[in-house]
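In the two complexes that follow, chain A is the common piece, with chain B as its partner first and chain C second.
Entry: the complex of A and B
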């Protein structure tokens, strides 16, 4: 039983990282209609930046994290202003291919600057563990959950209590009518990218910290959050959170059980588990758990 | 004193088709000006010129003494021009109050920090906005529908919410694109009554485009009739109604050349 609780906890922690990444996908998708594959590159960039601020500049983790988030957010908003704003009227396929190209470029930036070596984040969590109700868990997993919950709360305040949040919800619903209210669509789009960049950075830092390391592999983790987005529904922030957590738990449980239950499936079944769920959902419930059925306007 | 809105010799063509030709009129402050005409007369094209969606090939459009040509659509709200949409432009997932509140977007300043920390200035602004929204919700009788996403409401109610959103802007000029299209007789009468109340209460200048003649006759101060993009009559509704050219355009007794 203790083992199971431990697994669920690890799943929640991993899932909350997926939730952060998925929220970034949903933000950009809702505001601009783009599925932004560059998210993984932003995540990786964010983790390397935080690592550099700590190891290179010698700041503490608690200063490095907000600095890296701000920088990554600005890079994301800059990408929107310089590239994706110009592609706004192009077909979705063109834009998605462009985000993919940006991903490839972004992935090379930290490699060029810091090389292929796996780097230690030197965060304050390390391998420390705490015990909750006689279950030993990693401290960083607790912090990851706290950061994710905090981010969701801040986003909720942003969307429901601020002028910009309301303007973003309005633009997602009817861009033309939003313009008639004096809402600047470019500002809305840049804000969405900025927030997505900050979330990607936070996710990257939590994935590269603690018992794990900062490496070029981090970029692929964002791809595993895509099943979370599809599971929850591309346009649903709540879905992104639920989908992320479900994918995280599924991945951890598969990693723990598959080797004994179905050893003939190999050791890395857990890495493809999210994609099995992705294909299943696309086949049987393409609008996701919380998404709305597509109804196109001609 | 010059009129609030002055349209002079406006013309626009689309690939050789003259959608509007030599359209001129004035809209006086606090008046209700109506543009009517059969389908395809150019009403929507004119509306699109006024809302900066199209730029006319010829002529001028002046508002409060400055030109409206070349103005960006999102700047109209800040200039004091509110509009509604022919096929409704509501934010479907938002409820009536949120939709109306968005009409105050240009007037709001509250940023993220302000909202999170609840500065006194922010609270004052919020209270002011809430007061304005409550006033409009009350005026239009929208109380029973608060909290329901607008997509779930009847079409007539949604039309009212959209009107409320435009009113929340406290506009100097309110542009209504077919405000009673798709409404039944009862809802049309209600819309007419509400437009009368709005004029009495806020003295708002209104320009509306409609093809329902009956709806307009008791409401408008002045009427412009378009046919095939050309003005065929301009004047008081009772005079325009008797004009043989208008009767011909509406009843189709004359075969156009």
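Entry: the complex of A and C
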């Protein structure tokens, strides 16, 4: 039972990282209609920046984290202003491929600056563990959960209590009517990318910190958050969070159980588990758990 | 028709006449010109990529179904070649079509997903397919040799004609003729599909699916057929790759390869057979050309230890990303349209008033 609790907890922690990434996807998708595959590049960039601020500039973690988030957010907003704003009238194919192109380029930036070596974040969490109800858990996992919950709360306040949040919701539900009301779409788009960049950075720092290391692999982790978006529904922030956590738990449980229960399914099944879930959901419930069924007029 | 106009028409027809002759000369002569150099090998790889790109262009360019899943079918083809040609010892003229058949079957299996999903969602499924494929390829050891990969040594002879040893030519030269011959066959096949009733149906589906359905096109049937044919062509390319390289490991069939194939048709020209071939040649040669010139660029390191500002690999990736965006935004017709536009401008009559 303790083992199971431990697994669920590890799943929650991984899932909350996926939730952060998925939230960024959904933000950009709702505001601009772009499926941003470059999110992994932003995540990787953010983690490397935080690592540089800590190890290179010698700042503490608690200063490095907001600095890196701000920088990554600005890079994301810059991408929107320089590239994706220009592609608004282009077909979906063009935009999707452009996000892949941006991902390929973004991945090379930290590698060029810091090399291929795995780097230690030197965060305050390290390998520390705490005991909750006789279950030993990593401190960083607790913090990850706290950060994810905090981000969701901040975003909720932002969406429902600020004018910018209102403008973003208006743009998402009807772009033309929003423009008619005097909402500047570019500002909305750039804000969405900025927030997505910040979320990606936070996710990257939590993935690269603690017992794990900062490495070029981080970009691949973000790709596994894409199934979370599909599970929850492309246009539902709540769905992104639920989907992320479900994917995280599914991945951790598969990693723990598959080798003994079903060894014939192969090694590292947990790494493809999210993709099997993605295919299953797209087949039977393409709108996701919380998404709305897409319908078009002829 | 005045004589000037006739001359203009003839001039415009000139390229269409001289083009096949030029291509035929290149086909025969290039292996001799390139000798037994590294560039001949790159040309063989370019030919294999061209076959795959022709297949993908039929699916993505002509039917409008964006697929990142090409590596899955390429890999399946390579392993099919290994099983049919090596493990079962079947001759060339059976294992190559056999690999194509495997690709066809897998494409027909995946195709139904494309019926329910379009646009963003289809990209998602094909993207998941790459990872599921990687998992299968690294674990089905009996067929793929597991994560370490497997050797593929297969015969490439039809009766007395052995494509590994043609009139004393080297292996690379023979493979050049074999591979580019199959490029020609695939191009001819796909060109005929596009310029026939089914091809027009595919394009109708791409442009407006609902309208296509209204005019009586069996949309689901055609979509699955496009997927199956495209995958079959990809599997043939994969089989040739396996036969040429003689060793494949699962990591080769990764997502980047899928993006590279999409890049080939974007750079070459979406929906054009020639475009697929041109794009494949450009994308295949580019990294090697970059490596050549990198030595003379001051800030580029050929190896990581050289201490330059940026590695050739990183520079290649960046260039690759820039090319995709450039051709999508600035030149959506790709090189194929740019070349034919330039040729048209050259041969078109000048009008003076």
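In the analysis below, the second predicted complex is superposed on the first by the 296 of 298 C-alpha atoms of A that agree within 3 Å, B and C clash if a C-alpha of one lies under 4 Å from a C-alpha of the other, contacts with A are read in each partner's own complex, and residues count from 1 in each chain.
Please note the rule applied: a residue touches a chain if its C-beta (ideal position, glycine included) is under 8 Å from a C-beta of that chain, and two chains touch if they have at least 3 such contacts.
Fair warning: this is a prediction, and the values are worked out from it, not measured in the lab.
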item: Touching partner for A:83 - first (chain B), second (chain C), both, neither; value: second
item: First (chain B), second (chain C), both or neither touched by A:283; value: second
item: Touched partner set for A:157, first chain B, second chain C, both or neither; value: first
item: Chain B versus chain C as contact partner of A:184, first or second or both or neither; value: first
item: Winner by number of chain A residues touched, once chain B and chain C are compared; value: C
item: Of all residues in chain A, those that touch chain C in their complex; value: 35, 83, 86-87, 90, 92-94, 96-98, 100-105, 107-108, 111-112, 115-116, 223, 226-227, 230, 234, 265-269, 271-272, 275-276, 278-279, 282-283, 286, 298
item: Chain B-facing residues of chain A, complex; value: 157-158, 161-164, 166-167, 169-170, 173-174, 176-185
item: Interfacial residue positions of chain C with respect to chain A in the complex; value: 60, 64, 66, 113, 116-117, 119-121, 123-125, 127-129, 131-132, 134-136, 138-140, 147, 210, 255-256, 259, 262-263, 266, 304, 309-311, 314, 317-318, 320-322, 324-325, 328-329, 332
item: Of chain B, residues touching chain A in the complex; value: 51, 73-78, 82-83, 85, 89-94, 98, 101-103, 105-106, 108-112, 115-116, 165, 169
